[in-house]
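Notes follow the structure.
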Amino acid sequence: MTDTADDLIERKMLDDLYADFEDAGLIPLWTQLDGLMPATPQSAAVPHLWRWERLLPTAERSGRLVPVGRGGERRAMALSNPGLPGLPYATPTLWAAIQYLGPREVAPSHRHSQGAFRFVLDGEDVWKNVDGDAVAMRRGDLLLTPSWAFHEHQNVTDEPMTWIDGLDIPLVAQLDAGFFEFGPDELSTTATPERSRAERLWAHPGLRPISRPDRPNSPLAAYRWEHTDAALTAQLELEVEGIAGVLEPGHAGVRFSNPTTGKDALVTIRTEMRRLRAGTRTTPLRSVGSAAVWCRPTPWRTRSRRAEHPPGRSGTGRPLDPRCPPPRCSVAYSGACI
Amino acid sequence: MTDTADDLIERKMLDDLYADFEDAGLIPLWTQLDGLMPATPQSAAVPHLWRWERLLPTAERSGRLVPVGRGGERRAMALSNPGLPGLPYATPTLWAAIQYLGPREVAPSHRHSQGAFRFVLDGEDVWKNVDGDAVAMRRGDLLLTPSWAFHEHQNVTDEPMTWIDGLDIPLVAQLDAGFFEFGPDELSTTATPERSRAERLWAHPGLRPISRPDRPNSPLAAYRWEHTDAALTAQLELEVEGIAGVLEPGHAGVRFSNPTTGKDALVTIRTEMRRLRAGTRTTPLRSVGSAAVWCRPTPWRTRSRRAEHPPGRSGTGRPLDPRCPPPRCSVAYSGACI
Amino acid sequence: MTDTADDLIERKMLDDLYADFEDAGLIPLWTQLDGLMPATPQSAAVPHLWRWERLLPTAERSGRLVPVGRGGERRAMALSNPGLPGLPYATPTLWAAIQYLGPREVAPSHRHSQGAFRFVLDGEDVWKNVDGDAVAMRRGDLLLTPSWAFHEHQNVTDEPMTWIDGLDIPLVAQLDAGFFEFGPDELSTTATPERSRAERLWAHPGLRPISRPDRPNSPLAAYRWEHTDAALTAQLELEVEGIAGVLEPGHAGVRFSNPTTGKDALVTIRTEMRRLRAGTRTTPLRSVGSAAVWCRPTPWRTRSRRAEHPPGRSGTGRPLDPRCPPPRCSVAYSGACI
Amino acid sequence: MTDTADDLIERKMLDDLYADFEDAGLIPLWTQLDGLMPATPQSAAVPHLWRWERLLPTAERSGRLVPVGRGGERRAMALSNPGLPGLPYATPTLWAAIQYLGPREVAPSHRHSQGAFRFVLDGEDVWKNVDGDAVAMRRGDLLLTPSWAFHEHQNVTDEPMTWIDGLDIPLVAQLDAGFFEFGPDELSTTATPERSRAERLWAHPGLRPISRPDRPNSPLAAYRWEHTDAALTAQLELEVEGIAGVLEPGHAGVRFSNPTTGKDALVTIRTEMRRLRAGTRTTPLRSVGSAAVWCRPTPWRTRSRRAEHPPGRSGTGRPLDPRCPPPRCSVAYSGACI
């Protein structure tokens, strides 16, 4: 069976039309619908688990081999989702990295429209200066660097520090909203106070300075591990006493919030800490929205002293493995301890 | 000069009209405008100062002579503004009272739509049970009893306790929105925990339980003096360091806030604590809105022990005098200490 | 049986205590609890119905006998709730009046912190100037005079106009927040445009001028009867078609709203218009909060011409009787028409 | 000069480190910083102008050659930004297309999480059924299809219709939040009412049905040209009278808003209509955020009849050229008419 003349003419007209679409700067919907508007989200990202025992030695080696300084700015190694090859993104909207700051090192000042948090995995006696406010970084603390605040880090010890960086880099890139500026080469302050100005003003439960207005991101620069630990411990204890507080049986959780609004601490990234009672398995949850989750079989002890955790070894026996459930991935967790 | 017949007729017609107004249930505006819509607020309330040295002995005598119990409910003595004679109101919208609970006494359970706070002037080891949650009351603490929560007090010591009651009774009366209900005669709990459940869930700076929704009134039942004291101290210290935080030179202030919204702890009454550096005089302020202010020449020492303040004498040398600026009263304060 | 010496002593001590309370400016709670904190609101106000056939002639007589002008300001006759004798208040929080403006009369300019609406009962060709914007008043229209806007009225016809005044006078008086200021003696404008500037900017459904910010009270000065009528008619027609829209069967209702927020048109007074299908009886409703309700057996016809409603007689056959359910009064309405 | 042994060793160690990064699923920041966090947004998109005289004939040809039906769903031709080759995106976050519906054609029912608006360029007597509500489409109207509402189109005339489709497809794709579902093959309704149910409930200025709650997207399905035109006309007339309203001299603008909140009609796409007085040049504006702008030298006349605009020719003499300023593009417009 061969094409008729009409068929040929119609095919020619169609070919011409599609050529004209291209000339006119048009792309028809009907040839692309499935990719553009899938029945359910088809994220390129995949669930992935990184092993701390693999990450830490690599970070340590980079500490020996790669200097930190102006230009490179930070010794941060981004988790690259295997479904997003070549992209330094943990999920389609989140950037998550291990940052390593060697003994006596300084990471220089800059600021950017991207919002950031840091979560300290090990060490103390590093200070993050945020717009001139020196904020101590200690194991288990969550620290904020809201959009457009100048920040820099200095390590005043002979030990390295490792922390997690979380930023909204992919989201801001998609929105074409990224701005970046280098700060001065000199540290804005070499002070090493126990508590930052931000904490002295804001870290009082339920109290706010009358003089300070609402802000979209939290003005509280640091959420200390001792508070987070106490809050999680209390929820699990209250559960035993029959008092509501946990998310579900054996599953405690707090949200880092902005004391001026009660909403999330950062406008672009939700930050939470959960704790599972040993033997608990959470309800599987599937959501539109991705996550980077750090898991650890045992919680840190609050206010533990450096001596208990010899440098370079703290991670060995106590892995804190990041894993990244992308959008629409069904996720549940099991607890090995309390 | 005499009235003409026309004058007489017109007067008669006017008299008839005004009689008809009354018959018809009408009152003309033009005879009342000045009172109804004054050029500026003409509050009946007047500025007034009560002396603690006068209030405390009276409260103590009532403790000996008047039992507390069902019916009377509370041994509370309301500040009656001299401009509102016979009314137990400190200002046109605020009810403020001295409450006195004797050794081993119990004030029975009830609840009401009126919102309330307590501010403890002296003593400890009294517990306020709020919907079954035992909340310790200690000197300098602000405690909340939001609308419609059952509450009762028990004193487990051989010493009395005095505190300030603040309620929105006049406002709720004006709005005809007052509801009241007696609770059970038995105490809901005789527990005397160091920290209430509400504090265990909520008194962690910047952290909120993921499982708990927003609420119009604060879910944090107690704002402890040690936190309030620390926040005020920090503001004045930061001022010396050149860091913004105080309201104006020498004038520190925190607002008791709702951690779920960042707004006021109670929806109907603003609660704040201020501290003045010695020698400071605040900017005079005039507002539409009245206040009840307790003034004290020296702040309490945080975590002071009972031993330092023998019962019955703590107020003598350290008066905490309430004063009530009504609406549109110009107010300034001077500090005698830090 | 006689009093013992102990009884006498105790009585004396109590008498002394109560005398001291008075001297100290204190009023004990336990002698007043029932009145202060009743089990349920005990509003002094009572449900009351005023008959239009009684109100209108009285208003007309006042038009002949009482001039309108500076000082008295407005020929407004307030509904005085029989439960609040001597007070010109319809309910404990609402002021509601009949206002009558005679032919060619002018009511002079003033402004006040009290918020107001007007609802026109009869007539047209009166203009209300609000901050210099001439707003036509016509039968069935709701007009706003938000807090602190200068306003004045002028009647350019040989016919009188009657309207309803609604203000938050009692509430503002309770809050001691009333301010009042006379405006210029001359009219700000004698223009008589068909549409006010406010309507030209704002009376376009779902459209807002990009240049205008949000405001707490509605910037739309007039809600025209033709729109209100059309909205109510549509709801009842949609109900017949099986489409949701009415409040309950046979009961249509619209709320006058602020196009910048979607909330109530005035921050202190809710304003709504309801219509009942003939034979409908609404669900009884009891609320904390009072109301002034105007009832009319038949709706006006939209865009009807003056000729159909001879002056002075329009009210006779078509009563619009106000009634005032106070707080906690159970209220239901029956419809006589559509 | 040759490498020393140390150089060689160090290079080897670095090579090993970078290889290990890859093995470990890590990408270092310092090799990528410029691309990840540029000093200012470096949008791939470029400013581009499409000519209506080029678009319309192509759309008409596709109407003759390409059927509309299940699978392809819509005869929509997307503007493809030359800076985003191969992608059917007008800007990095916006999808904008010409949609063409031939005489008597039907586009089948579907729904998606992407939000959409339609702006009608020419024609009338097409109906868009949104969740069973038949909404007439006429020249100059803005019509909404909020997220997850079933919608379908039917043309009941012998004339084609052309309109603009605006969707948030790229944004939703980036967020991996796209869901799509086919609806029934049969039209949900063949009704062709003058006004949709949504308009009967909501298109009354400042009035909202009491029974309907707030919604994130506007419940008003259609914003009619006659209202938009009147609002823009009024702003320019008020400007001549010296009354504020325009954005800047000669530049009128309205925002399509949600009557339940006063905010934007759609949560993901801002929609506005502007009009320039002849000879006006707007202030150049640069923003983070892209736009698709349709420009037309003369406004349509309101309520013009089809007869005035013979089919197939309406666009010829009256181009409506889309142009797409990407993020950070400085944009100004000049007016050729009023």
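By written order: A, B, C and D. Residues from 1 in each chain.
Quick note on the criterion: contacts are C-beta pairs under 8 Å (C-beta built on N, C-alpha and C of every residue); 3 or more make two chains touch, one makes a residue touch a chain.
Computed from a predicted model, the values in this text were never measured in an experiment.
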Inter-centroid spacing, chain C versus chain B (mean Cα positions, whole Å): 33
Whole-Å separation of chain centres (CA-atom averages), chain A against chain B: 44
CA centroid of chain B to CA centroid of chain D, Å: 54
Residues of chain A whose C-beta touches two or more other chains: none
Arrangement of touching chains [line / ring / star / complete / other]: ring
Pairs of chains, among all present, that meet the touch criterion: A-B, A-D, B-C, C-D
Touching residues (chain side chain D, partner chain A) in the complex: 10, 13-14, 17, 20-21, 24-33, 36-43, 45, 48, 50, 54-55, 58, 61-62, 65-66, 71-82, 86-88, 92-93, 95, 97-98, 112, 114, 169, 171, 173-181, 288-290, 326-328
Chain A residues touching chain B - in the complex, by the definition given at the top: 197, 200-212, 214, 218, 220, 223, 227-228, 230-231, 234-235, 237-238, 241, 243-247, 253-262, 265, 272
